[in-house]
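Next up: the structures, one after another.
Each of the next two complexes has chain A plus one other chain: chain B in the first, chain C in the second.
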Partner chain A sequence: MNVIREWRTFKAIFVRNIKLFTAYKAWVIATVIWPIPLLALNILQWGLFGTLGEVSETLEQSGFPPLAGTIIVGTIVYLLYNRLLWGTGVSIQSERWMGTIEVLFVTPTNKMTVLLASGVSSLVEASWWIVCIFGMSWMLFGVQPSITSWPTVFLCLVSTMVALLAVGVFFGGFFVLTRAADQLASGLQAPIRFFSGVAFPVNVLPQTLQFVSFVIPVTYGILTLRDSILSGGDINTIWLNIVALYAMAAIFLVLAHFTIKAVERRAKKNGTLYMF
Partner chain B sequence: MPVYAIETKNLTKVFEKKAKIEGKGLKHFFRRVRPKKEELVAVDHINLGIKEGELFGLLGPNGAGKTTTIKLLSTLLIPDEGTATVNGYDVSKQPREVQQSIGVVTGGERGLYWRLTGRENLWFFSQLYNIPDRVAKKRIDELLPLVELEKRADEHVEKYSRGMKQRLHVIRGLVNDPPIILMDEPTLGLDPGSARVIRDFVKNELQGKQNKTILHTTHYMEEADQLCDRIAIIDNGKIIALDTPEKLKKKIRRTDIISMNVSNLQQADEKKLQAIDGVKKAVIAFTDPTVGKASIKIHCDNAEEVMPVATEFLIRNGARIMTLEQTKPTLEDVFISMTGRKLRD
Partner chain C sequence: MELRFIARTFWASFISSLKMVLRYVTLRGLVAFNISVPLFFVLTSWVIGQFMTGGTGVSGFFTETTGMADYLSFVTIGFAFNSFIFSAVFGGSHAIRGEQEHGTAELVFVTPSNKLAWLLGKMMGDIIFSIITFFILLVFGATLFGFHPKAPPNIPLAIVGILLTMIALTAFGFVFAGICFTAKREHELSQVLWPMMVLFGGLAFPITNFPLWWKIIAWMIPVTHGAEITRNALLLGSSFLDHDILIGLGMLVLQTIILLPIGTLLYTKMEKAAKKKGTLATY
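Entry: the complex of A and B
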């Protein structure tokens, strides 16, 4: 592998994506607005059962973690996952829509690098969510974080991003073959949101459903971040989940590597690469 | 150094397509769910040898297999049979080396990022070819004036005219300075002025000054005639003729050609025209069927004998003859003589 070549490809894709993202002002504004009602909905729906404070207190008495904080962390991880699913997973499909897939595929680029760069640019585009949602939510819902180790929080965040990036790259490779990438991505949103426990701890799910939860990296991202931010967890308490995140990242990246090759070859054999 | 810059041996590409759905009711429904597949041979055992520095044309009607051939040579498709080498590299086994050796220029509005500037588009593609930043910027500055885009280089591509986009396409294909350029209908849909600029650039700059090997597909016979050193005529995926434009035309020089433009023609009486004594081929192409406007080409042994009979036949059937002339053979006539159809049918 020629590192300089891969770096040039990475840089080109990253710069292009950021330029295209900022070229659509409406898209930037929509991205800013979009997470706010989602987060509010997740939290305020509990108001049906009483004031948020009362509901949270009642839940905490039965072993439920702090309500608003649980949902805020879950929503942030879910939004990052969602951004990567659309930004990376559907990136090849976007090339089809823009009519550039052919000119991209006749260049001697490594498609894995193309997808990784798309993933990193998606994370950069979405990174403000982490800061803004945390800040805004804490102000709106008065949640007090219980952080004992900032490096642990940082490690959790980075590990979660790496795992989510790997998932995005895997989907990106897989979606080369299909013309229905956007439909598949849409179809994956709700199940992932449910099984990863965005708005509740996954241990409240029936045992059989929890099995599904624990093969999804998003679940581990949410667990580690909740632990480090809300329960004062440090490296000793979260290391297992961090290992799980990197193991999943490795699995998904290896799968992506082979999937991209196989799928690109099949698309070129069938002549479906450039079809809408 | 390979003998040919581009060489294909029995190159074949077969696609699966859904068969026409017949039947009614449940049968029709289930056939829609699981339609039968048919095979479509898009490129059928073609053999080409394109020399270094040659401007080679692939001429044929829509759906003849020109674009599929370009896609096979540019590694966008994998052949089902046969082999192809580009710059000495096998398209199936050494795709990276092939990609490094070629520039691909497509026609139409696609293939550029409209919300990036022309310069940003060129820089983006230069990086995908692993060109150092400084070298890329210098090369972009050299390429832009060649197609007179230097003054508009920092505007978004969406603001470009169709002709400007096409010129940007052409230099995008040159950004890696490839020895071989594959051009797929680069003048498609352009106004005559813009098409001429592209043609001049291809002939004078790319072939004349830079000595690039160019494979140029088109269904414009005049373009192929003017530009290309040699031409392969392709139809239904098969190469049906291959030679220099002059030699191709010479092959039918003994044939007289009558060209007519008529109106009020009620129906395409090709068979009746063809039945006239001395007529070898007769082809009618409607340009405006609502008023029966059509162009007619008649290939015959002796125009002086056939012309009065054919005109009388047409007038008797209500057609009005607008123009009538005996013409020299064109590449389209070569195509007609071989297939019985016009290039733009």
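Entry: the complex of A and C
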């Protein structure tokens, strides 16, 4: 592996994606507005069963953090996953739609580097609006954080980002196998939102459904961040979930490596790269 | 322009849209996207409900607020309306974006065909599919959670409510399609708009106790009235002559009368602006 060549590929894709993102003013504005109704929807779904104050009280009596904080942290991790699914997962498929996929695949670049660069640019893109959402939701819904260790919060955030990046890279390879990547990406949003406990604490799910929850990296991201931001958790209380996040990141990256190789071979052999 | 040509444009566009839908939306695709999104939202309400009601599924607060007995039937109908938002509001813009990405937008828009007929044809393919999805979702909801109406359902009223909602939403769709000529990134904009419609339209929860400003926004969105009429018709057995139903139907007719010409005009203006700037095909 030639590190300089990989770095040049990485940089080219990264800069291109950032330029693409900033070129669409509507999208830059949308990224800030978009999460607010989704966040409000996640919170107000509880409004079927009482006022938000009553609901929050019931949650706290059962040993969970207050409603707004629980949902805000869950929604932020979900949005991060969403951004990586679309930004990285659908990136190669987008090349197909734009008629440039053949050009990309006949170049001697490492496709994993292309996907990783797309993932990192999506993270950069997502980072600034995560700060905006956090600030706005703090003002709109009023959250009382209970942070005892800022390094732990930082570790949780970075670990979640690494795991979600790996998931995005995996789907990037996988989606090339199908011609319905956008349907699959959209179809994956709703079950992940449900099983990972974005709109409720995951322990509220029936036991059998929780088995599904604990094979999804988003669940661990939400658990660690809720614990470190809302319940004053430190490294001693979250380390197991952090280990799970890195283990999943490793598994998804290895899977991505083999998937992209298989995709490349199969698509070139069948001559179906350009078809959509 | 001759009506015959407009009809032919509409028909060609409609058939092409329908073929695209049928070509890509396999049974797996249908379940993965059209059904799973609203179904998992309903399941979320179910999980929350189980927790909040201690497993009984009976919420005094909900019954007091809506007059209905079963919150799952309420949210199932609400989230089933999601499919109409995606087809009628976003179907047209999605078609334009598709032409832009595939490099065929300029070819389509320099032909002397009626572009409104073309757009309507594209939207119709999605709308037909959304009607099917709507009924599948109701069947899913009834099978999984059961339907508990207080009175025999008034199906003709529900059908009228749904049809009027779709016509009014189509006007929204024209405006949105026009915006996409200049703003591009249709998918991202639709990601902003749909939760807003679900949120303000009260598809996921009753908005009876919400502040006035919220209700004013809700009143301006056709899905609010459509969902309310359909819920009242299917769950409370309301008739055409009920006061709330008459107001809802009147609002939908009024919105159609006001929004359709505005939507048409805006779409035409934005199409012209894109042609003038030479940005039709850029994305």
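Just so we're on the same page, the second predicted complex is superposed on the first by the 275 of 276 C-alpha atoms of A that agree within 3 Å, B and C clash if a C-alpha of one lies under 4 Å from a C-alpha of the other, contacts with A are read in each partner's own complex, and residues count from 1 in each chain.
One rule holds in what follows: contacts are C-beta pairs under 8 Å (C-beta built on N, C-alpha and C of every residue); 3 or more make two chains touch, one makes a residue touch a chain.
Everything numeric in this text was worked out from a predicted model, so none of it was measured.
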Original post:
Based on the superposition on chain A, does the combination of chain B and chain C result in a clash or a fit?
Top reply: fit
Original post:
Now for A:99: first (chain B), second (chain C), both, or neither, which partner does it touch?
Top reply: both
Original post:
What's your read, chain B or chain C touching more residues of chain A?
Top reply: C
**OP:** Would you sort A:4 into first (chain B), second (chain C), both or neither based on which partner it touches?
**Re:** first
**OP:** Name the contact category of A:55: first (chain B only), second (chain C only), both, or neither.
**Re:** second
Original post:
Once the shared chain is lined up, is A:270 touching chain B (first), chain C (second), both, or neither of them?
Top reply: first
Original post:
For A:19, is the partner it touches chain B (first), chain C (second), both, or none of the two (neither)?
Top reply: first
**OP:** Go through the superposed model and pick first if A:108 touches only chain B, second if only chain C, both, or neither.
**Re:** first
Subject >> Partner chain in contact with A:46 - chain B first, chain C second, else both or neither >> reply: second
**OP:** May I ask for the angle at the C-alpha centre of chain A between those of chain B and chain C, rounded to a multiple of 10 degrees?
**Re:** 80
**OP:** Please work out whether A:148 is in contact with chain B alone, chain C alone, both, or neither, and reply first, second, both or neither.
**Re:** neither
Subject >> Lowest C-alpha to C-alpha distance for chain C against chain B (Å) >> reply: 6
**OP:** Once the two structures are superposed, pull the chain A residues common to the chain B and chain C interfaces.
**Re:** 24, 98-99
Original post:
Where on chain A does chain B make contact in their complex?
Top reply: 2, 4-5, 8-9, 11-12, 15-16, 19-20, 23-24, 98-100, 102-109, 265, 268-271, 273-274
**OP:** Please give the residue numbers of chain A that touch chain C in the complex, ascending.
**Re:** 24, 26-27, 30-31, 33-34, 37-38, 40-41, 44-50, 55, 58, 62, 97-99, 179-180, 182-184, 186-191, 193-194, 199-200, 204-206
**OP:** Write out the stretch or stretches of chain B touching chain A in their complex.
**Re:** 13, 15-16, 71, 74-78, 80, 95-96, 99-100, 102, 104, 106, 108-116, 120, 123-125, 127-131, 156, 172
Original post:
Residues of chain C touching chain A in their complex?
Top reply: 24-26, 29, 31-33, 36-37, 39-41, 43-45, 47-53, 59, 61-62, 71, 74-75, 101-103, 183-185, 187-189, 191-192, 195-196, 198-199, 204-206
